[in-house]
Amino acid sequence: MSDDATGSVTAERGLQGTDQSVASFEEDRQSPLKSLQRFLHEYPTAIPFIVLVAGILIFSVAAGGRFFAPFNLSLVLQQVTIIAFLGIAQTLVILTAGIDLSVGAMMVLSSIVMGRLTVTAGVPVEISLVLGLLTGLLCGLINGVLVAVIRLPPFIVTLGTWSVYGAMVIYVSHSETVRAQDIEAAGPLLQWLGNTIRLGGGAVLTYGTIAMILTAVIIWYVLNRTAFGRHVYATGDDDEAARLAGINTRGVYIAVYTIAGFICAVASWALIGRIGAASPLGNQTANLDAITAVVIGGTSLFGGRGSIVGTLFGALIVGVFRNGLALAGVDSLWQEFTVGILIILAVTIDQWIRKISA
Amino acid sequence: MSDDATGSVTAERGLQGTDQSVASFEEDRQSPLKSLQRFLHEYPTAIPFIVLVAGILIFSVAAGGRFFAPFNLSLVLQQVTIIAFLGIAQTLVILTAGIDLSVGAMMVLSSIVMGRLTVTAGVPVEISLVLGLLTGLLCGLINGVLVAVIRLPPFIVTLGTWSVYGAMVIYVSHSETVRAQDIEAAGPLLQWLGNTIRLGGGAVLTYGTIAMILTAVIIWYVLNRTAFGRHVYATGDDDEAARLAGINTRGVYIAVYTIAGFICAVASWALIGRIGAASPLGNQTANLDAITAVVIGGTSLFGGRGSIVGTLFGALIVGVFRNGLALAGVDSLWQEFTVGILIILAVTIDQWIRKISA
Amino acid sequence: ADIVGLITKTEGNPFFVKMREGAQAKAKELGLELQTFAGKFDGDNDSQVAAIENLISAGAKGFAIVPSDSSAIVPTIKKARDAGLLVIVLDTPLDPIDAADATFATDNFKAGELIGQWAKGTLGDKASSAKIAFLDLATNQPTVDYLRDQGFMQGFGIDIKDPKKYGDEDDARICGHEMTGGAEDGGRTAMETLLQKCPDVNVMYTINEPAAAGGYQALKAAGKDDGSVLVVSIDGGCPGVKNVEAGVIGATSQQYPLKMAAMAMEAIEKFAKTGEKPQPTPGKEFFDTGATLITDKPVSGVESIDTKKGLELCWG
Amino acid sequence: MSTKPILQAKGLNKRYGRVVALDNADFDLLPGEILAVIGDNGAGKSTLVKALCGAVIPDSGAIELNGQPVHFRSPIEARMAGIETVYQNLALSPALSIADNMFLGREIRKPGFVGQWLRRLDRSAMQRIAREKLSELGLMTIQNINQSVETLSGGQRQGVAVARAAAFGSRVVIMDEPTAALGVKESRRVLELMLDVKRRGLPIVLISHNMPHVFEVADRVHIHRLGRRLAVIDPKQYTMSDAVAFMTGAKLPPEAALAA
Amino acid sequence: MSTKPILQAKGLNKRYGRVVALDNADFDLLPGEILAVIGDNGAGKSTLVKALCGAVIPDSGAIELNGQPVHFRSPIEARMAGIETVYQNLALSPALSIADNMFLGREIRKPGFVGQWLRRLDRSAMQRIAREKLSELGLMTIQNINQSVETLSGGQRQGVAVARAAAFGSRVVIMDEPTAALGVKESRRVLELMLDVKRRGLPIVLISHNMPHVFEVADRVHIHRLGRRLAVIDPKQYTMSDAVAFMTGAKLPPEAALAA
């Protein structure tokens, strides 16, 4: 019988009268630097923001008034719109510890579908717009199913579909650009996101930029204020633990890649708005740029940590650097060189701030 | 006093006379399929090998005798040599859960340094060869220091240095190719790895390919037979655990990136052997191809798992597919498309075999 | 100083590097401040759009551009012209061509045609039974790619079907098209593959001279570097012309990027001073900076210059 | 033994490559009882409970819940059937906060439109409940409910996992070494909590190496050895040292226990 | 208390953001003793030992080894100074084999040219020794020494980590909850092993929540509370329930212990 239970029971006699208060430690009074550190520790997204502001200040000096003009700053915003769109899509995927190399290809494919259907096939523009958006969604869904159901590494899946979607682009477009004039005639709706709003001081905002910001806000909400968002983080953090905790990780993967595909399709609409035409060329490096924005924005490639806001700042940082260097009259060869160094520097500063504030 | 220790002590009285034999379970007699599964489970590198053999068989049928000719097969080997070199370098880095986007740029930079020093600057070819090899080593060292000491994400570091080394290529080369004839005149040693050995049946092996295989053997030995190799795996597996277990993870990172840079420099020598010239162009897709080879070869992008042999098979698989498709008369558009699908298929088969054999 | 811009396709191609050098020298001479931009790869429209925007923002007087996508760039160019900048298109005309203030172009189709005619003339009777390997640029067939390729076919006497793309022809003399990326390693791999497909190849068309040099290595490895395969190419860069001299390349069409860029700088300076815009070559929609066939084995009926002359004119 | 088992498994097998983790293992859990599962390290206890809760799919064998055969293909299905588990490796998401982890997969949404249509989470409710549950366990040293789990001490993490399972189980609660990393005070709370849960009528499966704990709370003890159930004993009829002797193979259990 | 401490720390502080893990903590380890460190979950015990072995760099405070001030900047330095640690999270590389993990960072090379110049590992020697060490701990259920650690049960993993530290420590061995996941038999072996190590003259720091174990083997008990050392007591003069009472704040320790 219970002749053995004595040991633990006697030890636990000591528990009677245990202190029930919650532990609390005195906070020493804080210097301003300390509170800044604490602030950065709690809001890590502030770091890319600081780098961004620093970049703007530097170029305001280096490139003179032309850089800091409202028009030019709004231009930077326009220039990063597409990359930011793709970055948002990419952030979702990277948060689940995946990667989507096909975002650029999905975007171009969607834009070609929209353009060709409207101009060449004479489909009503509303329908081709919807079909274009569905194209992106479908491409994303294919990625998601391959990742989630067959459980292939995302890198391989999207490398493969990148080739496949890229080949489809050439096939569908016959390598021909759908010209801006033709789109304007057949379906100006496709260029609608290129419309602009004039703000004070010469600043100009395109509808595309607004759409991008809206998208960011929605995805931010989803990630931070809904259960699905929590599941995305949990899945990326440790997908076995998430599965054991009762999350349908498979569903999370499929949803994330599909949403990413859809965002790419919306980006393609904004792309047509931006350049007027639907071009099969280009955006080969859009993948890399988007990933760069995500990583500079502080999102971990190993999943589970990061934020949409960071990605926006990441995209802006690169945009500001490129624009600022150009306006400062730096030769194109050294622009690449300097952007390379600046990217490393930006992340170094980020690391450094994190370290001292840890 | 010890009035309390009774509980655990009484429980442990039961330990007297404990069974001291090592547990062993009966193995049921195995069907051939079962033993194959078990074999594949224990030697996962056999899987890419199987996919490779399957690919060769398929194209032997689809592309006819031209494909299976010894000469053509040796040609495939020549064609994948450079990618395999870069893949070996990349494998080392990826095993530590990193990635090196700059391998292509390091290779091109080294080859330009070798070529320009010899031909334009008139430096003795032995010295420029050594300086070229040191260039790669130095580039790798820079990557390693940034990753290990400043603790930046490898993706960002090598993205940045990719831009920087790329700009250096243009700066050093003035975007001009160092012509094959000029190299032949000034320093044939640079083309030495382009020499060939004829084997039976028309097969031709270049010294470059042999150098690549030698490199693979050495790195395989280092990874599997030395303490450093174990440390690479441990660091990639869980770098905090490795650090706590007393591994100088910082040293591992630096060493790995430096070795990768050096291998790229050796690859650049083989590249001059292959194309005769030292060209600033090209190899833009070399990074991605090398990573593809690594991943198809079964190495995990999350570090700690994988092998050099897998990478070699991975490179061969892609080489066989590309060559076979071209010989089968597939249009370049559909080559891209099919290679994309085949990459996914190859890894699907891999996953599937692993699953049934698990 | 007045700001002027130069936007090229990529940074790495020697053709564009020479263009930049020409523009830089001329801009310095004229006292202009030159800002240069380049795409990240062939076909990088987006970087060019951003470059134009930055030039507008910087208050440039005008710029010269080698368009990566000759129709997708049009709306952005319109924006620049609306903002009062003079836009000169180099090398590849826009679609439509009058979207620019002026076009200084080499006729890439013409350049292809010249080497096509030369190859046909050199082969003589054997032309009807030739076997041609095409070492093209990229799967997505950018403008230069199909213009040069189709020009060659036209000159050689092949029915080109749709002139805006290659691969739709059914002439039995075509061995196949392989992509090189315009570089040596791509050239070698492509030619190795085509040699496997058609061991009896006797003409090698190449998109540019680096691809030709790579392809030649494949010929050499196969023991076909004895002149049994005619090699033709386009560009006329100094290493390329030297390769013609050395017999690696049979003939190449030379183009003049330095001249193009320098002329563009002059035109923009003139426009900034007087508001006067440059005029096209009479009878054409653009100002033709010309393409010249360079070979040491001239063929009657095809105008050409020899390599000595070519080396004087070459660009790098 | 007259009542029908609520959760039952027969002839479960599971091998990993060469290693046999389950070798024809049986298992019964009766309604309302606390069943302890004891055995050497590597005996297959964790694999057994993982098979019961869908985290591992056995190679062969049958599982019945309330007499109905079930085939869980994922832990979600088991959870929806009312089986809640504390895994040995805890199954927490390190980067998420304590509250987020507690409600992972069954988040509370705000009432009304915002919750229904915008699917907005009710953060404050979740935090409040999470704090309550942790306080019940006496995890007082947790200073901040929004702290990410990776910043917690080993014991604190275990407390979070236990609190989660106890709060949400509706049919069966399985705990794989729930007190392994816990302090004396916290362990005591967990034991009390288990008795609480039992009083609510829920049966509990407890895997533990702590014999005093096992003998204190368990109604029956399932002894696992070399991948299979060796015996089931009544802790009131045997001593701890008997149990340890059976489990390590020092003594053979009596026929009666074997048949159980 | 007359002998000089072999390892000593004074006024260690460490905070993580808002959380104070060490609050002016002191620590002494005397030669040849087994010192137990007990305390609630989250009291800061693991942080304390991590500071002692270089895994965490304290914000302030001084550490002395054999009377010499030391500043370990990494666990390697501590290890080279002879301090060997079993971490609470074990610090094993999941994908590597058991033998590889045991010898991580101090691999044995083949004798002669092959080992000296080709730096070839002596696999068979390492496997043999690894098996011996594990057998000493009685981890019999490990069927294959080349199994990767990720395929081991929780307890088996802990056994590997303990075996590693016991085999290689030369000055101080620190064990952070070494028996938490171990079975009865395996726990017993670890305790015996600790006494063995002590007999070899090595002092041991043992963190544990298991009071019977602590009172069985410890020479002195360091009670940690709210980030600092509350008291050091002699287990022969106090009962377990006293210790628990001190540690949880139910009772105040006597002045003498406080001064210790």
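Residue numbering begins at 1 within each chain, and the chains themselves are lettered A, B, C, D and E in the order written.
Here is the rule we use: contacts are C-beta pairs under 8 Å (C-beta built on N, C-alpha and C of every residue); 3 or more make two chains touch, one makes a residue touch a chain.
The chain list, named the UniProt way, goes like this: A, B = ABC transporter permease; D, E = Sugar ABC transporter ATP-binding protein.
From a predicted model like this one, the values you see are computed outputs, not experimental measurements.
*Asks:* Minimal path length between subunit C and subunit E through chains that touch?
*Replies:* Counted as steps through touching chains, the separation is 2.
*Asks:* Name the chain whose C-alpha centroid is farthest from the C-alpha centroid of subunit B.
*Replies:* D
*Asks:* So how far apart, in whole Å, are subunit A and subunit E when each is placed at the average of its C-alpha atoms?
*Replies:* Averaging C-alpha atoms per chain gives centres 44 Å apart.
*Asks:* Centre to centre, by mean C-alpha position, how many angstrom separate subunit A and subunit D?
*Replies:* Each chain reduced to its C-alpha mean, subunit A and subunit D end up 39 Å apart.
*Asks:* Could you grab the centroid distance between subunit B and subunit C? Build each centroid from C-alpha atoms only and quote it in angstrom.
*Replies:* Averaging C-alpha atoms per chain gives centres 36 Å apart.
*Asks:* Can you list the residues of subunit C that touch 2 or more other chains?
*Replies:* In subunit C, the residues touching two or more other chains are 11, 41, 139.
*Asks:* Which positions in subunit B touch two or more other chains at once?
*Replies:* In subunit B, 3-12, 14-15, 18, 23, 25, 166-167, 170, 333, 336 touch at least two other chains.
*Asks:* I need the residues of subunit D touching at least two other chains; which ones are they?
*Replies:* Each of 16-18, 42, 89, 141, 143, 184-185, 210-212, 226, 239-241, 244, 247-248 in subunit D touches at least two other chains.
*Asks:* What residues on subunit D touch subunit E, complex-wise?
*Replies:* 16-19, 39-43, 46, 88-89, 139, 141-144, 147, 151-156, 158-159, 177, 180-187, 209-211, 226, 244, 247-248
*Asks:* Which of the residues in subunit A end up touching subunit C in this complex?
*Replies:* 66, 69, 71-72, 75, 78-79, 82, 166-167, 169-170, 174-177, 179-181, 274-286, 322-323, 326-327, 329, 331-333, 335-336
*Asks:* Considering the complex alone, what residue numbers of subunit C touch subunit A?
*Replies:* Interface residues on subunit C, with respect to subunit A: 8, 11, 20, 33, 35-38, 40-41, 43-46, 49-51, 53-54, 57-59, 68-76, 95-96, 139-142, 146, 164-165.
*Asks:* For the complex, which residues does subunit B have touching subunit E?
*Replies:* Residue list for subunit B touching subunit E: 1-9, 11-12, 14-15, 18, 20-25, 221, 225-228, 230-231, 233-234, 237-238, 240-248, 304-305.
*Asks:* Could you list, by residue number, the parts of subunit E that touch subunit B in their complex?
*Replies:* Touching subunit B from subunit E are residues 55, 74-76, 79, 85, 87, 89-96, 100-101, 104-107, 109, 118-121, 140-141, 143, 184-185, 188, 210-213, 215-216, 235-237, 239-241.
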